[in-house]
Amino acid sequence: MKRKIISLLLAITLLALPLLTATSCDLLGGGKNNGDGELKEGQVKVVFYHTMGEALRTVLDKYIVEFNKLYPDIIIEHKQVGGYDDVREQIKTEITVGDQPNLAYCYPDHVAAYNIAYAVKPLDELISSTKVITRADGTTETLGLTQAQIDDFIDAFYAEGAVYGDGKMYTLPMSKSTEVLYYNKTFFDANGLVPPTTWDEMEVLCEKLLELDPDCIPFGYDSEGNFFITMCEQLGTPYTSATGDLFLFDNAENRAFVEKFRSWYEKGYFETGELSGVSYTSGLFTKAPAEEGNCYMCIGSSGGANHQKPKNDDGTYKFEVGITSIPQVDPSNPKVISQGPSLCIFDKADPAEVEATWLFAKFLTTNVDFQAEFSMTSGYMPVLESVKDHPVYAAELEAANGKEGLTLLTAKVALEQANAYYTSPAFNGSSTARDQVGLLMQQALPLTAEKDGDVAAKIKALFEDAIYKCKYDAGLQ
Amino acid sequence: MKVVLENVTKIFPPRNKREKEFMAVNDFTFTVPDGKLIGLLGPSGCGKSTTLYMISGLQKVSGGKIYFGDNDVTNLPAESRGVGLVFQNYALYPHLTVKQNILFPLQNLKGSEKLSKKEMLERAYQAAKLVQLEELMERKPNALSGGQQQRVAIARALVKMPGVLLLDEPLSNLDARLRLQTREEIRRIQKETGITTIFVTHDQEEAMSISDMIVVMRDGVIQQVGKPQDVYDNPTNLFVAKFLGTPPINVFNGEVKGGKLYIGEECVLEVAGVADQPVTVGIRPEGFIPAEDGAMTCNLTNLEIMGRDASVVATHPASCNPTIRSIIDGDCKIDTASATVRYNLKPHKVFLFSKENEKRIEVAAQNNDDFLTAALKLKYSKS
Amino acid sequence: MTDQKNFAVFEADIQKAQARQRVVRIAVQVFLYLFLIIMALIVIFPFYFMLISSVKDLAEYRLPVQTLWPNKIILHNYIEAFHTANLGTLFSNTLYVGIVSTILSLIITVITAFVFARLEFKGKNAMFAALLATMMIPGELFTITNYQTISNFLGLRTLGRELGSKDLIALGDWKNTFTVLIVPFLVSVFYIYLLRQNFLQIPNELYLAAKVDGTSDIKYLWKVMIPLALPTLISITILKMMGAWNSYMWPRLVANDEAHRLITNGLRTAFTSVEGDVNIPVQMAAVAIVSAPLFLVFVFLRKYIMKGVSRSGIKG
Amino acid sequence: MVGSKKPWKAWLYLSPAIVLLLIFTVWPIINTVRMAFLEGYNALAVAGGKKFEFGFANFVNVIEYRDFVTCLKNTVLLCVLTVPISTFLALVISVCLNAIKPFRRMLQTIFFLPYVTNSIAIGMVFAAMFNMVGRNIGGKNELILTAGIINNVIEFFGGQAINWINKGSSEVANMTVMVIYIVWNALPFKILVLLGGLQSVNKQYYDAAKVDGTSRLRTFTRITVPLLSPMITYVVITGFIGGFKEYSSIVGIFGEKMGPTSNPYRLDTMVGFIYRDLANQQGRASAAALILFGIIFVVTMLNLYISKKNTHY
């Protein structure tokens, strides 16, 4: 009998081993942040996934305290889930098991992916809601957005919430970045150069820079995908249809600009992120002019300003950085990409949960103080026009310089071009299109007649291939 | 072709620092006459296989010379000596058929010796016919019985018409029945081809039964060379006497006193011309003649009748072995109820060896007539 | 057949043959060593390159013709590599996963192999055959489903969601835990097979004798079989540890966060997301640091590794 | 017999292994087949309540896909190139190692070294060896700072530096690097197995061959190779299985984009294809995995059949 009991115990232990390790590992490995304590009666918990680093989390925590002064029963539990792709993958898996968060950082194509499972809550009803909520401090607010609030959003950023082809609004802009042109101000000033406003000027400038310094690469462009899409926007040529049922980017105009930039590339005018082998060209830009293969200009995300600082090990600067808008085809109708995270709200069975999430999302996106402080910390643009009038923010912007103040300087430049922002349509497969045009650029730019023969034919084939793959992924092929 | 070994010596170097070098073959001198079948006999580890390998050229000699006919081949590599070698476990290539195995050595021939495909096949079939394998040419070795494999190995060794055929323990991997059959086969093949053949064995019966001549070896040293029967009848030392014969020779402690041989207290034989000394006495099992008044008294243990012959198992206080075994005519009547049995001895089956060096002590034969006659008389009177 | 070959070998011929033979033999040996040494140099060259590059400074590495011995030895690269790739955490993560999974895996393997080697019960052979059959399927095929499984283990996460139990949710969500790196690979059919064969070589009489003496299965296993199968167990241990060290794809998929990242994945990540030029000397230093433990293990346990590997054919 | 009184005990002991295998091996097999036959299966869409039809569309989809053909081509090419080369080299090295006495152990250890490495880590070393450092390589005002140690060697022997893996490198050059790396990586295991096989070959076969005056070459081709054929079959089969699953060695050298920067995914393989579909297109990934399994199975059977025909013992 005793033996039997012992054997049984043994079996149970063995069976439980995996589960035991599951928990013990978590204890040892730090585990997951599951919040503390159970919810009290009447409390609602909002889980928020983002990519904020430590500095931004501090800002967020500060404003959660503010928010909780108004809504003490909404418990905010937030978590950094790696980078944007990690957030997307994490949420995609969680949707399949029904355990997605309430609120998350998102890009338009993420939302399109989540919506395969109809997981994202359309916001139209909430926005237009006139329900009045009483806050803990006794004041009231309407659940929806007031017209003033809507108007305060920078138009292009707000419009991004409805790029899904079905007319519905799915996201609120959180913090935005764009592409700007960083240039070596010290060098430009010394040689009497001015940063280009058009691509034609850029071409001339490149020639000049190569004359001045034959060992340089005049400019770097971080993202091949952005390059292509932005050129489509600037030229006004088709890219994709709004709903993703048509991939339109294979056309003569687009092939022509790819061919043009290919010839630039062949002449050594520029380098791109992936082609340089390390995803970003900021490494080339921050080299001192004496170093081989340095760039004098760099078109990169305004959110990445920190990486554009040409700092020496001892903290001094190799040169001063200047920032301006990216070159345009037509300066009178400028187009610059709008990037950076928005917020999307996941649909839940309990309307109270959705409502609480909305309140928090609304708080983050419409609170001028938060937007200002968040922008100052991250270098991302605030999404509200009125932040420009925020006294501290305005003062900081004013004082921004091309060295330590680079992040703010980018925000300043980015805000000045508010009328130029565009967002490309998002649908299930829009990220494929983006990847494909990026890959297309990556393959087309290094072509040379000498090595590859008929370059035009090669480019045509690359376009055709990219279209094929987009269609294939969308199930159209 | 005759094979001559002159002072051949093989010393293996020590394998590691703790070991000493090992002398496997010591000063081996011996001539194999042309066209004879020679058995190299000895217990395992006596150097007989090493000798064979040195003749084949697979192992180098450490000293001495080897001649094939009049040619010194001592330093010739194996492939140039033109010997056929049959390995103990046959070393048939498992992936090749019988035919391919037999053809293999022919395909190695080069230059003027090169044969056409047709010639090769002819030779292969000739060899196969000799060993009666024609039916099995397309089989793979492991579809053959042990005896058949053995014959394939021989055919492969013979197909290139070697001057010397070497067989390493050719029968050790066969069962008892096949062994008898195969040794006759080897004898037949050797007779038919007339190739000088040297084979190695540790089985004295095998060596005795088919060899023209045997070489008994021990610890790398030749003990005796001769025709099998001569060696059996006239062993030069105790080792050879013990090694040859089944059942083995019975060994006693004895003493020669005044021309008489004593085993225990009994005087068993007259040995004229031998000086007084303690001796080791070897008596072949067939050297005993039971007699009621026999000269030697043993304690009877058992009687085993095996058809024509009978084997008497007995003990004797002076015996060096626990039991003594004698083979007697099945007609002889032995009283199994009796505690003792008495024998007379056939003088030519009794060998005396020196206690000092185990060498044979010669006895003049005529002095034993009395004993012999008495013994014969007894035998015939009984029948 | 009776005609014997005529040997007309003259003294001169013999000497010539002898001399030729000696020349050929020496030539062959020289050729063998030459070939082997050249091949060995080729095989070992990447390691040498890694080591010398790891102690060069960037400027020297970029000389048009690379130096085969560094002009100046810079050990700072190692410190930088250690920090850049956060190797400390990666090491401890990998070690933790390696040790825990090896111990658990050994326990399961030993018990299972014992059952298949010594106990008799209905369905044993069918069960063993089924086990062996799974070895044929490439592991890549499992990944797709296992990825789903570990996101919602046994549906515990959905259940936890419905019951509002955080503990259940945590139990069902294995992503970015050490568990997910350990548990799915605890059972290796191949190791079970290997050990069972080893156990079978131990005479059954020993087991029967133990039974007669009243020894329990577990005690017999512990006192007799494990000591006898120790070399195999050591081989399994090393291969399993090497597996943890080398695994890339699965950890990358399911535990790609800082806290649980394993060394291979960490190395790849650290040196692809760096901006600017890749500092190859630092990268080589990181590779050297990562490679060192395996080399040390190899130096000390060469016999077991080679034995285990020759029988398994699986890398890691 | 023993233990038959308590069969439950045996099952009790087996339970941990069985449970784990059921969850992590048996279920995946069943589920993979299920997903592969549900047209367009996608876990996210399942969460959205979508139902899938049973059919072969996933398989058709995979096979018709252009890039899948590239993947298949690369995979087969790598197998066909590396398996024979590495097997032949390993065979020659093993035979040479078997023919020498002094330093054998040392050389054997050296030849085993690549085994105790991490394919990603050493991939980086190989990449560095072949890597050109400079600016605008292949472009107009190209500036090569260092052409890489391999090119240094080529230049030393009077050759011209080759762009192996950098931007603008040719597919042949990329493949060559991969073949060199994979062969280098595959050698130790093969040498280990073949040398083990050689050492267990009965020496008498060689004595017999020597007595018969067989030349070294003939001994090698007619005796050594056939006698080793079971081991050769073994290393060839494991080589092919490994080759069809080639992935991390390519990532090791070219990164996750599996190609030089100017030609991403040029060296994509079947496993790479499966892994990239894993998160979004589970039905297609499953179909591709089953196709891969089918190919491996057929190739293995073919190998076994061929080797069976050639060795009958």
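List of remarks:
The letters A, B, C and D name the chains in turn, as written, and every chain counts its residues from 1.
By definition in this document, a contact is a pair of C-beta atoms (placed from the backbone, for glycine too) under 8 Å apart; a residue touches a chain by one contact, two chains touch by 3 or more.
Keep in mind it's a predicted model, so treat the numbers as computed, not measured.
Using the contact threshold fixed earlier, the set of chains in contact with both chain A and chain D is C.
The chain with its Cα centroid farthest from the Cα centroid of chain A is B. Separating the centre of chain A from that of chain B, both taken as means of CA atoms, is a distance of 96 Å. Once the centre of each chain is set as its mean CA position, chain B and chain D turn out to be 59 Å apart.
Chain B and chain C have Cα centroids lying 57 Å from one another. Put simply, the C-alpha centre of chain C and that of chain D have 15 angstrom between them. Of all residues in chain C, those that touch two or more other chains are 108, 111, 147-148, 183, 186, 272, 277.
For chain D, residues touching at least two other chains, in rising order: 9, 13, 16, 20, 43, 145.
Among the residues of chain A, those touching two or more other chains are numbered 14, 17-18, 93, 96-98, 277. Listed by label, the pairs of touching chains are A-C, A-D, B-C, B-D, C-D. Touching chain A in their complex are the following residues of chain C: 93, 96, 100, 104, 107-108, 111, 147-148, 151-153, 157-158, 161, 166, 169-179, 182-183, 186, 216, 256-257, 259-260, 272-278. Note for the complex: chain A touches chain C at residues 3, 14, 17-19, 21-23, 25-26, 28-32, 34-35, 82, 86, 90, 93-94, 96-99, 277-280, 282-284, 286-287, 307.
By the touch criterion stated above, chain A contacts chain D in their complex at residues 7-8, 10-11, 14-15, 17-18, 89, 92-93, 95-98, 113-114, 116-119, 210, 214-215, 217, 265-268, 271, 274-277, 292-293, 439, 442-443, 445-446, 448, 451, 465, 468-469, 472, 475.
Residue ranges of chain C in contact with chain D, taken from their complex: 28-29, 32-33, 35-37, 39-40, 42-44, 46-47, 49-50, 53, 61-66, 108, 111-112, 114-115, 118-122, 124, 127, 131, 134, 136-138, 140-149, 154, 183-187, 189, 192, 207-208, 211, 217, 242, 245-246, 248-249, 253, 263-264, 267-268, 271-272, 277, 280, 283-284, 287, 290-291, 294-295, 297-298, 302, 305-306, 309-310, 313, 315. Chain contact summary for the complex, chain D toward chain C: residues 1-4, 7, 9-11, 13-14, 16-17, 20-21, 23-29, 31-32, 35, 43, 89, 92-93, 96-97, 99-100, 103, 107, 109-122, 124-126, 128-129, 131, 133, 144-149, 152, 155, 184, 187, 189, 192-193, 196, 216, 234, 238, 241-242, 244-245, 247-248, 251-252, 255-256, 271, 274-275, 278, 282, 285-286, 289-290, 292-293, 296-297.
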